[in-house]
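So that you can tell them apart, the chains are marked A, B and C in the order they are listed, and the count of residues begins at 1 in each.
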Amino acid sequence: MSRWVRVALVAVVAAGLASLPACGNNNSGKIKIAVVTNCTDPFWDLCEAGAKKAAQENDVELLFRQPERMAAEVQKPVIDAWVSQGVSGIAVSVIDPKGQTEDLTLVAKKVPLVTMDNDAPDSGRICYVGVDNKEAGRAVGRLVKKILPNGGTIALFIGSTTSANGQARPAGVLEELATPEANGTRAKHPLRPELEGKYYGKYFLVDGESKTDDGLKERAVTNARDMLNRVDGVPDLCFVGLYAYNPPAILEAVRARSLVGKVKIVGFDENPETLKSITSGDIEGTVVQDPYNYGYKSVEILAAEVKGDRSKRLKGSAAYQVITKDGGPEQDINGLRIKFPKAVDYERTVRDQLKSVGK
Amino acid sequence: MMRILGVLALLTALYAGLVGTYLDNAPAHEPASKTQERIQGNLVDVANIQGRYGVIALGAALVIITGGIDLSIGAVVGCSAVLFGVLMQSGIHPFVAVPLVVLCGAVVGLGNGLLITQLKLQPFLVTLCGMFVYRGAARLLAGTVSRSQTIEMQPDFSSALQSVRYFLVGKNIKGELEFPAEFILLLVLAGVVGFFLHRTAYGRYWYAIGHNELAAKYAGVNVSRQRVAVYVICSALSALAGVLLFLDMPSIQSDSGGQYLELYAILGAVLGGCSLRGGEGTAVGMVLGAMVLPVLENLVSIRGLKSDVIPAVIGLTLLVGTIVDEFIRRRSRLNR
Amino acid sequence: MGLGRAPMTPRLRANGIDKRFPGVVALSGVTLTLHPAEVLAIVGENGAGKSTLMKILAGVYQPDAGSVELDGHPVRFDGPREATRAGVVLIHQELNLAENLTVTDNLFLGREPTTGGGLRVLNRREMAARATGLLAEVGLPASRASVRVETLPPGEKQLVEIARALGTAVRVLIMDEPTSSLTQKETERLYAVIDRLKAGGVSVLYISHRLAEVVQCADRVTVLRDGKNAGELEKRSITHDNMVRLMVGRDLTQFYPKIHRPGVGGAAVLTLDQIRYRGGPDAPLTLDVRAGEILGMAGLVGAGRTELSEAVFGVRPLVSGELRLDGLPIRVSRPSDAIAAGVVLVPEDRRLHGLVAPESVGFNLSLPNLDRLGSLFGVRRRKESDLHRYWIDRLRIKTPSAAQPVGLLSGGNQQKVVYGKWLARDPRVLILDEPTRGVDVGAKAEIYALIDELAGRGLAVWMITSDMEELLGMSDRVVVMHEGQVAGELSRDRLNEEAVMRLATGGEEP
């Protein structure tokens, strides 16, 4: 092959490769609203469903990204690219409030910014769409109290304790359980002196910390399994899973040991496995955030901002919901109107939401 | 024998530590039989995971013996798990879906092998790109798949799926682990791999290619064909591991299923005596090597170490194990 | 050989072979005839095309023009496997063994006796039985069958390669420098094997630089020069001088020059005083190497010559005893110590120990001299290229440029690069291990002249060699090793082959 033919071939291939990422770029001429989450998860699929609905209703074009890794440095180039593309509004689920505030402040000056699920309050964002993770954690704590009214042994399982919600949720749970006399008192377990932990009220937290799995689903299962081994034979056990995938992982481990019913499980978020298990009674309950509404509200707020309408802004945090098998009446807790739907009903709601966007 | 002495010693130490911790922590009033039962239960749990890691370590080790490497193992595991779920949800019977998924894995391996041997591309590069591609393919197939979701969509498959689950993973309909099926599967597969590696001409060729490709070529070995065969086996085993993962976990997420598994597979292979330069390794070693990490993780967890300390402890233990192993190997070589 | 000149079909015949590689014409119109049951030697300087011709005959390369006939039928081998199946087997100069496998595995690699059809289960029993036979044919004990090849010394590896070829139904055995790493005894053994093959009707074709062997062993000789036929010699006319004349095209007198050096050693430069080293014999060893002399070190394979040199150079740890340079003790615990003291080693296996093969000539020349070529800020390019140019010229290294990958050079020129890199450091003691192994006649002469000149300048040269001609031709004094010990010392006037062999095999000093 002559040299020029070779060069030409390389040039053609290079041009082709370069245009690949640009595929799918159709300019519709509408206002663009962009949403970036903190990771990829079915939780955010619900958010996307809500966002799409709001985009339809408000006649805007939606750009929705779920990044592969939960890392601020993955979000930044995405947001920067959007700003330079000229989007009219950005919603972001903040991963690291302290670290990202500086960058987000610069973004907020150029484009209306809304934070979801996790807040960066000093960034100049228009408003925050999300629950107060600590408050939600306290709701989890209340569930634990209901399940073990006379105290017991608990273990906490979560993805990471370095992210903002990774710190807030366990803090909320423990705050709810604690009493002035027992707020993190170090002790050895009364029945198992080899187990060390901390007392929060009448509840003994094994190891005095949350067990982390760094988002690795397999490790979530093995963490629960190993904990089951260590507390084997101890009565009044409650395991708490604080990320969406934790409750099903705990249940898998509990099932493998035939301990269903003997070890109570409380969870967070609305993983479909979790909801099914609440209906069947294997999991006691979960506190959910309503991600569908996150998406819906964020897009609605931003679309309105572009038109100059500020009335849609939210004040304060969104309300969480508490899902149990039998449900309960609505309550006002700490200034929020909290619903207590039945698991069966909530499952249906979630399914309909997903169906509305064909997932 | 010398080659696996190091990893055998490491495993023995870890298991001893594990049993010792249990005995230490057993409440004074607990009868010995109950303690034994608990220890056994834990070991059975761990054995299942060792089985799964072992299956992929077998494939990785074969590739490494021929002087190659496969970084796409984890992605193939995840993609296969998702594919398995999607196939069944689309109406393909579980008994058909399992071999179908393994076949797809074999095709992936064929692709890897052909790119490496025909286009003479570096294995590292080809399989690294493959990692991204198959991860992406998984995400295109589905977001999340799970057993319960599959049964919901195809209730007729429920009993077939359950029997596959029992047979391959050892869990019954209630989810209780009755026997470490994955470990037994590993032993069977290791037996087959070992047979080919140590008792047939093919095994000789793999060792030769890994050490001196030119010598093999001049001896008339079809180097390309053997290389491709080994990559096919590796990816097929990874696909099988994907099926196991689907059956064992409550659900599989396409973006993260099987993440990092290629590193564990390579770790298992290397701990078990494979040299990354190629040309070394034994079937027994591969199994032993794959057993190390799950036991180590279990030991660390059972001892109640703080979460933040765990990764460092695991890393250091592996490093020490590797140093001791290398030491033993060098002494054996001098004394030859 | 048959009476008269009855016309018989040649076993192998090559006609008008042309072969071109990018930038160089390797062969041009070469013909070769090989009769049944004869030993034909191919000689020629490096670059003459001998290896290329052999590779074409064995199917590794395909000729650009010309034809090859086997038993009168034209053949075209597309690869070595086809050639082997037709009975034409080539044993490469650079051995092609899988070092991580056992001898038995290597003997049958690619041709294993198997059972079980497609499964190809190894028939270990048959392999073991046949292996014993094959090893016996080349004089190796059956115990070698199950050792890993990497543990064998180069001499034995060569024999394994030959045994491997014998395992096929060979009709033409082609050997490229078969005796280059064999000792005297092993070479004799090889002659016996070749005789046996001849008796069995096999034709043997081999390339050699050891002209004395060719004189002894070959029935006919074909000489190549610059890719063309330069002449043929029948048995009667096979002499050292005749061959050299055809190879070089001119007379080479004074093959072993003794122009510059005094021939009698001056003061001892390097002294080994009661040395014991790890892995060596228990009894201590003493010898010295003097300025201006070439000390030849002879011995059988396994006598411990290379090991001793490695101990002095810092590759093997010393257990006891003292090393002295110019009378002053020196500590050598690693090669950099030896180099700093001015003691350099040109190793036996240049590919393994002497050169970084994929890198360029320049890279290799610079490598041990980087401290002289630059500073913290990097290598001074000008200085480096000066160094390269100087040594390429000085040693007449045949290379298109300093950037040429050294692996592409001929054996002799590779050896010169190894010399060059060390000589640039101006050493006091030069330890040479098999200095002209695999090197062609022309380059040999140049290397001998170089060594003579260096000794003339006061260097102490310690030359380890298994080449008897070289030993007798170049040494001023000879030390013979036997089982790790100094068996005896021979001065120039008492130096002859018999005396050397007697000491090397454990006999008494004459």
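Operating definition for what follows: a residue touches a chain if its C-beta (ideal position, glycine included) is under 8 Å from a C-beta of that chain, and two chains touch if they have at least 3 such contacts.
It should be emphasised that the depicted structure is a prediction, and the values quoted were computed from it without experimental measurement.
A.B. asks: Name the chain whose C-alpha centroid is farthest from the C-alpha centroid of subunit A.
C.D. replies: C
A.B. asks: Whose Cα centre is nearest the centre of all Cα atoms in view?
C.D. replies: B
A.B. asks: Report, in whole Å, the distance between the mean C-alpha point of subunit B and the mean C-alpha point of subunit C.
C.D. replies: Centre separation, subunit B to subunit C: 47 Å.
A.B. asks: With chain centres defined as C-alpha means, what is the inter-centre distance between subunit A and subunit B in Å?
C.D. replies: Computed from C-alpha means, the inter-chain centre distance equals 31 Å.
A.B. asks: Distance from the CA centroid of subunit A to that of subunit C, rounded to the nearest Å?
C.D. replies: 71
A.B. asks: Hey, which residues of subunit C end up touching subunit B in the complex?
C.D. replies: Those residues of subunit C that touch subunit B are 60, 80-81, 84, 92, 96-101, 105-106, 109-112, 114, 116, 119-122, 148, 151.
A.B. asks: Going by the contact rule at the top, pick out the subunit B residues touching subunit C in the complex.
C.D. replies: Result: residues 196, 199-202, 204-205, 207-208, 210-212, 214-216, 218-221, 279-280, 336 of subunit B touch subunit C.
A.B. asks: Per the contact definition, I'd like the list of subunit A residues that touch subunit B in the complex.
C.D. replies: The contact residues of subunit A facing subunit B are 40-42, 45, 68, 161, 191-192, 194-196, 206-207, 209-212, 215-219, 221-223, 225-227, 229-230, 232-233, 245, 248-249, 251-252, 255-258, 260, 271-273, 276, 359.
A.B. asks: Inside the complex, what are the residues of subunit B that reach subunit A?
C.D. replies: Listed in rising order, the residues of subunit B that touch subunit A are 24-25, 27, 30, 38, 41-42, 45, 49, 139, 143-144, 146, 148-149, 171, 174-177, 249-253, 255-257, 259-260, 297-298, 301-302, 304, 306-307.
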